[in-house]
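Order as written gives the chain letters A, B, C and D; numbering starts at 1 within each chain.
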Amino acid sequence: MSDGIRVTVWNEGKHEQSNPEAQKVYPQGMGHQIAQSLEGRPGIASVRVAQLHDPGQGLTDEILETTDVMTWWGHMAHHEVSDENAEKVVRRVVDAGMGLVVLHSGHMSKPFRALLGTGCMLKWRVWNEEGERERIWVVDPAHPIADGLPECIVLDKTEMYGEHFDIPQPDQQVFISWFQGGEVFRSGCCWHRGAGKLFYFRPGHETLPIFYNEQVLQVLYNGVRWARPTRIAGGLKRDMHPDPPEKIG
Amino acid sequence: MSDGIRVTVWNEGKHEQSNPEAQKVYPQGMGHQIAQSLEGRPGIASVRVAQLHDPGQGLTDEILETTDVMTWWGHMAHHEVSDENAEKVVRRVVDAGMGLVVLHSGHMSKPFRALLGTGCMLKWRVWNEEGERERIWVVDPAHPIADGLPECIVLDKTEMYGEHFDIPQPDQQVFISWFQGGEVFRSGCCWHRGAGKLFYFRPGHETLPIFYNEQVLQVLYNGVRWARPTRIAGGLKRDMHPDPPEKIG
Amino acid sequence: MSDGIRVTVWNEGKHEQSNPEAQKVYPQGMGHQIAQSLEGRPGIASVRVAQLHDPGQGLTDEILETTDVMTWWGHMAHHEVSDENAEKVVRRVVDAGMGLVVLHSGHMSKPFRALLGTGCMLKWRVWNEEGERERIWVVDPAHPIADGLPECIVLDKTEMYGEHFDIPQPDQQVFISWFQGGEVFRSGCCWHRGAGKLFYFRPGHETLPIFYNEQVLQVLYNGVRWARPTRIAGGLKRDMHPDPPEKIG
Amino acid sequence: MSDGIRVTVWNEGKHEQSNPEAQKVYPQGMGHQIAQSLEGRPGIASVRVAQLHDPGQGLTDEILETTDVMTWWGHMAHHEVSDENAEKVVRRVVDAGMGLVVLHSGHMSKPFRALLGTGCMLKWRVWNEEGERERIWVVDPAHPIADGLPECIVLDKTEMYGEHFDIPQPDQQVFISWFQGGEVFRSGCCWHRGAGKLFYFRPGHETLPIFYNEQVLQVLYNGVRWARPTRIAGGLKRDMHPDPPEKIG
């Protein structure tokens, strides 16, 4: 485990450029707000923002190799992330143990779908352009991602995401959401993939001030800490034809 | 659930063409032997063999749409299966609920890797060209795939597969193998993926008569029955923006 | 696997004796209604009702030894089931593979709590003595217990059960409920315990006609089929000090 | 999460009193050796030893209420732990989130069996009174309990534990063991139970110097850190009949 977690907040950064509503909510960009919420917290060594319009789409080897945990928010430009860069993110998770914290509409991003193997589609709705109430219930109070939260997080105005959410059953289900309109959703989901860990957290529309909510930010911070890399001494040996460690016959 | 299971045994069919050792063990092809073992068993409606050298690589729409459960054996020609055909198999599992039973070296096939999201690599060894002893222990005796088996299946001459096996933690772990040379392996693994089910079973080298072993064949049959499709009335509605079923506000 | 499933519907049978509302809904007792819904369905060999006021509390050795799957409904008299009888049910599940399908308020029954190891408590509410609306969403469409159901079962008048439900994370989560009053609940939960299988299904208040709903009854039938015993040839050998099957040194 | 973890090493302490072999290996008692290995490591606030022959069996309210994580080793005197004290340990895990790290023969202890709900029996063997070789393979390299370990821990002389191990499928399977004599075993198992976490680790016979092995001690330390309590602000509300947080009708 590294001494402190080096976080990269990957942010698509498109809505903030084109949508005045999004600019009003996140004048410096959503990535900036997420990064700021993590900076200086115990166990966090560094936080930087990387965006789609950065050189190398913010996914250069230099960035990936110096990232312990990456958070990911994208929505309208999933297809613009190159297949090669998406594959590099997947490999960094599976082979090198980088943690990946995928937020909200990131459920349709290339790395998330490749890591899960399913379609990852769902139902969605923004009611009257303002949203509806969501209640996010803790169902696994022993999980470190639930630490410090109340038994229920209430978001008064949010976008609805509804089942069926086409994901593999999470290894650990931390939160389940209730929506005013009648739907439920598996809102906090953990998986291990190879050497790495993957956490999905549902809230976070581009024009709703979700990432100012202190409890949402606590979940993000907890998720980043949970997703930090572990290290196998000497590495894992696969793709090999070993001599038998024990004598045969 | 259909009245009986329509099985397609997909077989790469390469070793049988080029390797006299493989021909000796499976003179009519490995696919034929697997198919024959399933035919006429309770609950099985039909069994056919499809191979890589068949029209459409044995993966035509007509075949996929009339298959409830597909078994898959491949090894030296994983790369020859077209990306398009591999994707069709994945979609048939995730979206339509086709069961997929992946055997032995099929762990590196395109559909298996895409459905799991990890590298799926492992260690391997054929000792003295004859193999070594494997003991396949049942660890989940309540699982239907273990039905009718003894607590341990012993294969005297087999290829070793060893950890780390780069797969997501199985939803259900049915078997764990011991090998003479000092390795262990998660040999019987179950996952759900979307509407479909996926079972991986380890034994089965091309030049060893594994698919004549009655207990191995019992596992295959159990796996096919476990993987049969289920049906949601009216289908699953995703990728949509529904009106709220409940009144809001 | 036995040729057909021998089902015992265990029913507390207290409310029907003392509460006119319960008598009106289930004039012959709730157990009778559940049993009737299972009789004659494919794969069901026999169905009988056993009740708390029967000899041996309906849990005699003769009954347990001829039961493949037991359904369990109890509420006001959990404490009257003797510790010895509860332990016999647990042993029959863990050691002999009997399936157990626990309904609604059975979550506080002695066998359920002993098999899970947690407190199994929850929140509850019957709104205005009539109940509120529940939407039971399928979250695992590949699971055989979801077979033949729509993506959502709607119960217009039901008792609310809310999180936190103090259970171990299910091995497989099939359903999640939404309630009008703002709660969610893990409504369909599967676990393996030793040689046996355990399914919990939430709906079923004593004065609400839940067990006349065709979709609820489909879930019960699916659950009984899923929970049927498997068989390890020769049995499982534990509590022993074996000679090593392999030569050491 | 508390600032540092307060650990109580619960030790049966019987073999050390009666068996000269055990005394030779652990002259100050096994508990002392385990405690010493944890003291002063990062994140550990305090470590104390509590034993069966202590007042209140080392399980007084004062001890339990000031313990964040308890390790447990017992073997010949499981039955001497009072039912009341075992139940207090279970409640402290489930209700208050105390972590429990159960070692080796602790698999038959009262708290472990009550928390899991199954029989927890297994096969065992000490070959030629000296033991045989065990290879403990990491199967979940992303898990924090595997941090800093090699892909395989080798113990040259150890007691064999073999499947079937009668436990519920672990929520996360970290290690699987290979034994010279032909058996495998699920050696590192994680479960959540209510507010608390439970880790089982296999090695540790009373007359073999297992708890001097640096890699074994690393697993213990990792397990203690993984099992530390989380905290739900305001606590979990169960066993209650709440007013609906949302307006009904």
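Quick note on the criterion: a contact is a pair of C-beta atoms (placed from the backbone, for glycine too) under 8 Å apart; a residue touches a chain by one contact, two chains touch by 3 or more.
This one's a predicted model, so the numbers in the text were calculated from it and none came from an experiment.
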**Request:** Please work out which of B-D and A-B is bridged by more C-beta pairs in contact, and write that pair.
**Result:** A-B
**Message:** Which option, A-D, A-B or A-C, should count as the same interface as C-D once over half of the contact pairs match?
**Reply:** A-B
**Fraction-based call for chain C against chain B, same above half, different below** = same
**Message:** Could you work out how far the Cα centre of chain B sits from that of chain D, in whole Å?
**Reply:** 36
**Request:** Find the geometric centre of each of chain A and chain B from their Cα atoms only, then give the gap between the two centres in Å, rounded to an integer.
**Result:** 31
**Request:** Any chance you could list the residues of chain B touching two or more other chains?
**Result:** 135, 138, 140-141, 151, 162, 164, 169, 171-172, 180, 182-183, 192-194, 236-237, 245-246
**Interfacial residue positions of chain D with respect to chain B in the complex** = 135, 137-141, 151, 162-165, 169, 172-173, 176-179, 182-184, 186
**Request:** State the interface residues of chain B toward chain A in the complex, per the touch definition above.
**Result:** 90, 94-95, 114-119, 121-125, 127, 132, 160, 162, 164, 166, 168-169, 171, 180-183, 191-194, 236-246, 248-249
**Fill in**
Given the complex, residues on chain B that touch chain C span 1, 97, 133, 135, 138, 140-144, 146-152, 171-172, 180, 192-197, 230-237, 245-246
